[in-house]
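What follows is a pair of complexes built around chain A, which joins chain B in one and chain C in the other.
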Partner chain A sequence: MTAALSRSTRRLERFAGGPWPFILPGVLLYLALSIYPILYQFYLAMTDMQVTSLSSAQWVGLENFAFLFSDSRFLDAIQFTLLFVLITVPVQYTIAFALALLVDQKLRGRIVFRLTYILPLAISSLIIGLMWRLLMHESAAGFINALLEQLGIGTIPFFSNPNWARFAIFFVNIWSSVGSTMVFLLGGLQTIDVEQLEAATVDGANAWQRFFLIKLPLMRQISGLALIFMFVGTFGIFEKILALTFGGPANATFTIGFYMFATAFGARGAWGTTAGLLGRAAAMGVVMFGVILIFVLLYLWLVMFEREEA
Partner chain B sequence: MATQTIFRSALSGPRLAKTANRSLLYLIAIAATVVFVFPVIWLISASLKPNVDIYRAPLNLIPSEVDWTPYEKVFRVTPIARYLLNSFTYALGGSAITLFFSVLASYGLSRHIFTGKRTFLTFLLIVQLVPQLVRVVPIYIMMSSLGLVNTQIGLILLYGVGGIAYGTWFLKGYFDSIPKDLDEAAWMDGASKFATIWRILLPTMVPGLAALLILQFIGHWNDFTTAAIMLRVPDLRPLTVGIYTLIGPDETDFRLLSTAALVNIVPVVVVFSFLQRYLVAGLAAGAVKR
Partner chain C sequence: MTRKLSRRAFLRGAALVGAGAMASACAAPQAPAAPQVVTQIVKETAVVKETAVVKETSVVEKVVEKVVTATPAPAKAVKKVVVRYMCPTWCSTADTRVERQVAFRSVIDSFNSLYGPKGWSVQEIPFDGDAVQLTQQIEQKKVDAIWFNFSEYVTRSRAKQLLALDPVMATVGEDVKKFFPFVQETLLSSDDKKVYALWHNTDTPLYYYNKEKIPTPPAKWNDLVQMCKDIRTKEGGKKYGFVHPFNGWIQMNSGLYLALGGEYLDKTGKPVAFEGKNLEIWKEMFAHYLGLLKNDLVPAGSVNQDQQQMMPDVYAGNVYSFAGNSNYHVRQLKPNLKDAEYKQWTAAPLPYPDKAGKGIYQAGGWMIGAVANPDPDVALAAATWVIHATNETSQSVTNKAGAWIPTRSAILENDQFYKTDPFMQTTLKALQNGHVVPLDPIWGPMSTAIQTALSNAATGKKSVEDALKEASDTTMKEYEALKKK
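== the complex of A and B ==
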């Protein structure tokens, strides 16, 4: 009895003297608001919960999913969101790499250049959308159209033509997030051994050869990490669209994130969505999580593959 | 003589090509700067222009006269002062909570070795990858059942707790860089673990704490989605949500909207540029130590 007591006391003491009293409070809170909601969402997706009757939700099984996969608006939204990712991520990666190489040079004032390229990171996504909505405005007050008019090119219907609206949101998203990718890649470039580059120069390698044969292969790992961040971040785009195109014209820039938000909480009845359907929105959240999980698993699989090869 | 040498070498083949190359690099670097900075400069110009300039001279960046009416209007017509105060409260409160829990957790992770530590850290990193938007529905329902929807403390809690994983990762690098001898010396002197953290360790990592605080503050200041779902009472709105309500379906008041946008942008850009030295130092140190 006393032996058992002292053993449990000792265990308690060891626990109190270990790392967990420091780690657990923060981590448990964090997990409660990050992992638990993801699991809880699987349950919610199987109910008909509505914002007006949180406590009287009924179990409906897979009904919400059946609805979504026969809902053309949802399928279009998924398709557009994936298109968005597939088009902008490679472009953003290329521009970010070029900028990183540029500010890695010994340029005078390179700190200032670096800081201006990451300026958009300090601005709210919603405000970025609003700012570019004013800049690209189709009336005579919009700067870009006024400039094009002045140059005799004519105006561009950024928000009334579906293709131009898509171009507008692609452009604005790259403009606002290319800086973070640049910082990522710059961090990678700065870990490259300078002596290795100098040795290559002595051996007669030109700048292109140094880039393709030394820098690019060494940047594989960090590029992978940058790409997974870009994929996941772009896939969840919502705030910029809300302020820039509002999903329009005629659903042309309606993403899955926007649809989910509008279904759950309403966004001025965006494109005929019904607000307050939390169960259905949770089902959309589950689908989004599924796609992100596929991205992450694919990335982890590639990392493992790479390691086995090496 | 010296000038002659410079001249000759400047005109010689490879050097000339190199000079041309470098000029091209500068040209590209400056052009990129214009692309990133111009929109904000234009916004400032649009907010200060008299109304006639907006449509008649949209290309003129320097207004024909400075007109402060939109600034006066935005503070008179909209409760933007209230929104500013709200944003400040939420951003600061959230960052403080993050800092508190992250300091404890990163201390524990840095000062102790246990099985599965690496896996645990990687796990935290991956969980963080999932965007907040994917969780908003369950989080709304959870907060609602706790009675925390439409309360300021509810939003502050969400902000604060949401930053713990990042903050822990961020600060762990700083703790790792402080020699353990320092802890042991404090222990010999009879200081408790908390006293050691508070009086010995934290003072040596002020740049890191400041960098984390600034990053978290900016993140919360700029948040829209979480605040929009949690606070549905106009009085509690932060700036971003307040500005969103100003955007009509057919917005025409360019000056009012640009002014409101600037009220949101200027504080963070000022903080950012004043503290960037601190921030860059803090970030760089953290990155190296990791």
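== the complex of A and C ==
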């Protein structure tokens, strides 16, 4: 009895003296706020839960997934989302890197530049969408088209032409997100040891060589992380689509995120169009989660591979 | 002769006072006063007759209306019942607009005053309107009455979330026949034909036009096309006779499809909208709208615009008429146009196809229902609240505050405000031919498929035939998936 007591006391003492008391609250919060919602989404994806009746949801197994992979709208949405990511992420990264290099210089008024680029971060995505929708309005009421017309160029069908609508989405997303990526990369640039750069300069390296041979390699990890964040943010785009194009015209700007919203909460424009299919929307979320996970794992594998090589 | 109070005397006195206070605190509570003798029993029906609408000026100098009810005499001790009423913020006392605060407060106060003697009162629970949250609260039995979208009427009643109101309605003399015909039809469309909620407010699309530019509104599609052509010929450039939102097209046109003899579902609930003559009707309707676009009779941007997005063209003075919701004169025109400009605008029912004998117009809106409750007292109080909140007086006051349309034709016919407002009278005319889309779960996917088909055809992505074929396939696929449930 005494031996058992002392054993459990020792265990408790070991627990109290170890790292667990410090990390347990964090772990519990992580489990409750991150792991549980993810697992719950997997569960939801396998039910027929609807907005108007939550408790009577029934288990349908993989039925929602089977429906999605035979649904041309969903396959089109995946295709457009991937196209959107493949175009906007590299462009956004390139512009952000260029801006980060620019504001990393000892320029006069660089604070103003930094603030200007970061400003869109302070505006919500929905407001950004509405703002650009008005600016790009396809009539004399839209500032950009009115300006183009004054210049004799003619108006651009930003939202009624599928290709221009896609362009509008790409442009607005890059415009609004480039600031955050720039801040991220600027942080990375400022961690580079100045002595290394000075030594290279003394050794006769020009600005291009310093960039390609020192800065870029040293920025590889932080760039990878920035790319992952950009990928995740862009892959799940929804609010800007909602405000700018509403997925149209002719579903040309339908992303998975937007389709998920329309499935769960209904689409505007037809009274009574409350689809409310939470189970199917959750299945879309799981597919999205899977795609993002693949890219994140790929990144982690690359980082680990690099470390092993080093 | 002043005597100094000794420390001992002070302590003795203090102890006596303390003991006295303790003794009184520990004593049995005094029996409540006997209920006041009521010399005159005020019957409920008599009190309802005393309910009146009064105008008063609030502190912010806005003329608002509210319901006032004579305070009935206090009654004997009764069981307290608090009706927990969940409603979106925009239709509650928590809304930022003073007129709405006053109107909704007055309805609650009048209920509390009227039914206070029975021990009933209403506690408002405003929320952001998220349907998931509403369902959670219903399923967890945390609410007794709810405000919800009409499209959820059948699904919520089918899920047994709502209480049948018929017995209580019969007791207080309420009758669905007092509502517009389309409302009656909807309320009786539940599986067992019982009434599970009452419809509070509605809206329908109207044809808004600038009287200076269009002296006679087009009644039919051919008149509309001719008017558009005349304006393009006369003014050209950026000036258009009409704009119609292609996003939300089905909202404006679902009734016109019916007016042409179209059917959405057969008697078994199977979609038949893309079969035989129905398919031909869609083709005819698509041809009309695509013709407007192709012939440059409406702004090209309308292909991917909803109602709100087309309005800048109206404000810029580039468009002289548009199809919009029946509260657009209050919501859009009045706040965005100068007084003189606003006065140029009026409304008529939407032009309808020449082949149709009349226009039929889609109506939407919001309902109030009582949540099914095992406690008969709570159920009765909640049902009574639903009837009270949607009665003629309450509807009149709250609909005015919200700039909505009441669902009782008597209000639009008799109330001074509605009787004299030309927009409201046009709405009344349109709603007399109102209809409600099928409240079947297939309506969502079906209407979205029709909308997508139009967009595909309008952008040239698909031919009309292919676009409608795709809409049919999508709808049937969704129908099969829903059938399994």
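Just so we're on the same page, the second predicted complex is superposed on the first by the 274 of 310 C-alpha atoms of A that agree within 3 Å, B and C clash if a C-alpha of one lies under 4 Å from a C-alpha of the other, contacts with A are read in each partner's own complex, and residues count from 1 in each chain.
We adopt the following convention: contacts are C-beta pairs under 8 Å (C-beta built on N, C-alpha and C of every residue); 3 or more make two chains touch, one makes a residue touch a chain.
The structure displayed is predicted, hence computed values, not measured ones.
Undergrad: Please indicate which partner A:175 is in contact with in the superposed arrangement: first for chain B, second for chain C, both, or neither.
TA: First partner only, chain B.
Undergrad: Could you look at A:50 and tell me whether it touches chain B, chain C, both or neither (first, second, both, neither)?
TA: Second partner only.
Undergrad: With the two complexes superposed on chain A, say which partner A:194 touches: chain B (first), chain C (second), both, or neither.
TA: neither
Undergrad: With the two structures laid over each other on chain A, which partner does A:71 touch: chain B (first), chain C (second), both, or neither?
TA: second
Undergrad: Once the shared chain is lined up, is A:276 touching chain B (first), chain C (second), both, or neither of them?
TA: A:276: touches chain C, not chain B.
Undergrad: With both complexes superposed on chain A, which partner does A:160 reach: first (chain B), second (chain C), both or neither?
TA: The second partner, chain C, only.
Undergrad: Which holds for A:249: it touches chain B only (first), chain C only (second), both, or neither?
TA: A:249 sits against chain C, while chain B stays out of touch.
Undergrad: Tell me which partner A:266 touches in the superposition: chain B (first), chain C (second), both or neither.
TA: second
Undergrad: See if chain A has more residues touched by chain B or by chain C, and give me that chain.
TA: Looking at chain B versus chain C, the one contacting more residues of chain A is B.
Undergrad: State whether A:142 touches chain B only (first), chain C only (second), both chains, or neither.
TA: both
Undergrad: In the superposed view, which residues of chain A touch chain B and also chain C?
TA: Common interface on chain A, chain B vs chain C: 54, 133-134, 137, 139-142, 246, 265, 268, 278.
Undergrad: Flag every residue of chain B that touches chain A in the complex, lowest number first.
TA: It comes out as residues 25-26, 28-29, 32-33, 35-37, 39-40, 42-43, 46, 54-55, 58-59, 101-102, 104-105, 107-109, 111-112, 114, 124, 126-131, 133-142, 144-145, 158, 161-162, 164-165, 168, 193, 218, 221-225, 228-229, 240, 243-244, 247, 249, 251-252, 254, 257-258, 261, 264-265, 268-269, 272-273, 276, 280, 287.
Undergrad: Quick check: in the complex, which residue numbers of chain C touch chain A?
TA: Within the complex, chain C contacts chain A at residues 131-132, 135-136, 139, 149-152, 155-156, 159, 161, 238, 245-251, 254, 299-306, 309, 312-313, 315-316, 318, 362, 364, 436-437, 439, 441, 443-445, 447-448, 451-452, 455-456, 458-459, 461-462, 470, 474, 477, 481, 484-485.
Undergrad: What part of chain A is in contact with chain C in the complex they form?
TA: The contact residues of chain A facing chain C are 48, 50-56, 58, 63, 67, 70-73, 133-134, 137-142, 157, 159-162, 165, 245-246, 248-252, 262, 265-276, 278.
Undergrad: Flag every residue of chain A that touches chain B in the complex, lowest number first.
TA: Against chain B, the touching part of chain A is residues 18-23, 25-27, 29-38, 40-41, 44, 49, 54, 99, 102-103, 105, 107, 110-113, 115-117, 119-120, 122-127, 130-135, 137, 139-143, 146-147, 150, 175, 179, 187, 228-229, 232-233, 235-236, 238-239, 242-243, 246, 257, 260-261, 264-265, 268, 278, 281-282, 285, 288-289, 292, 296.
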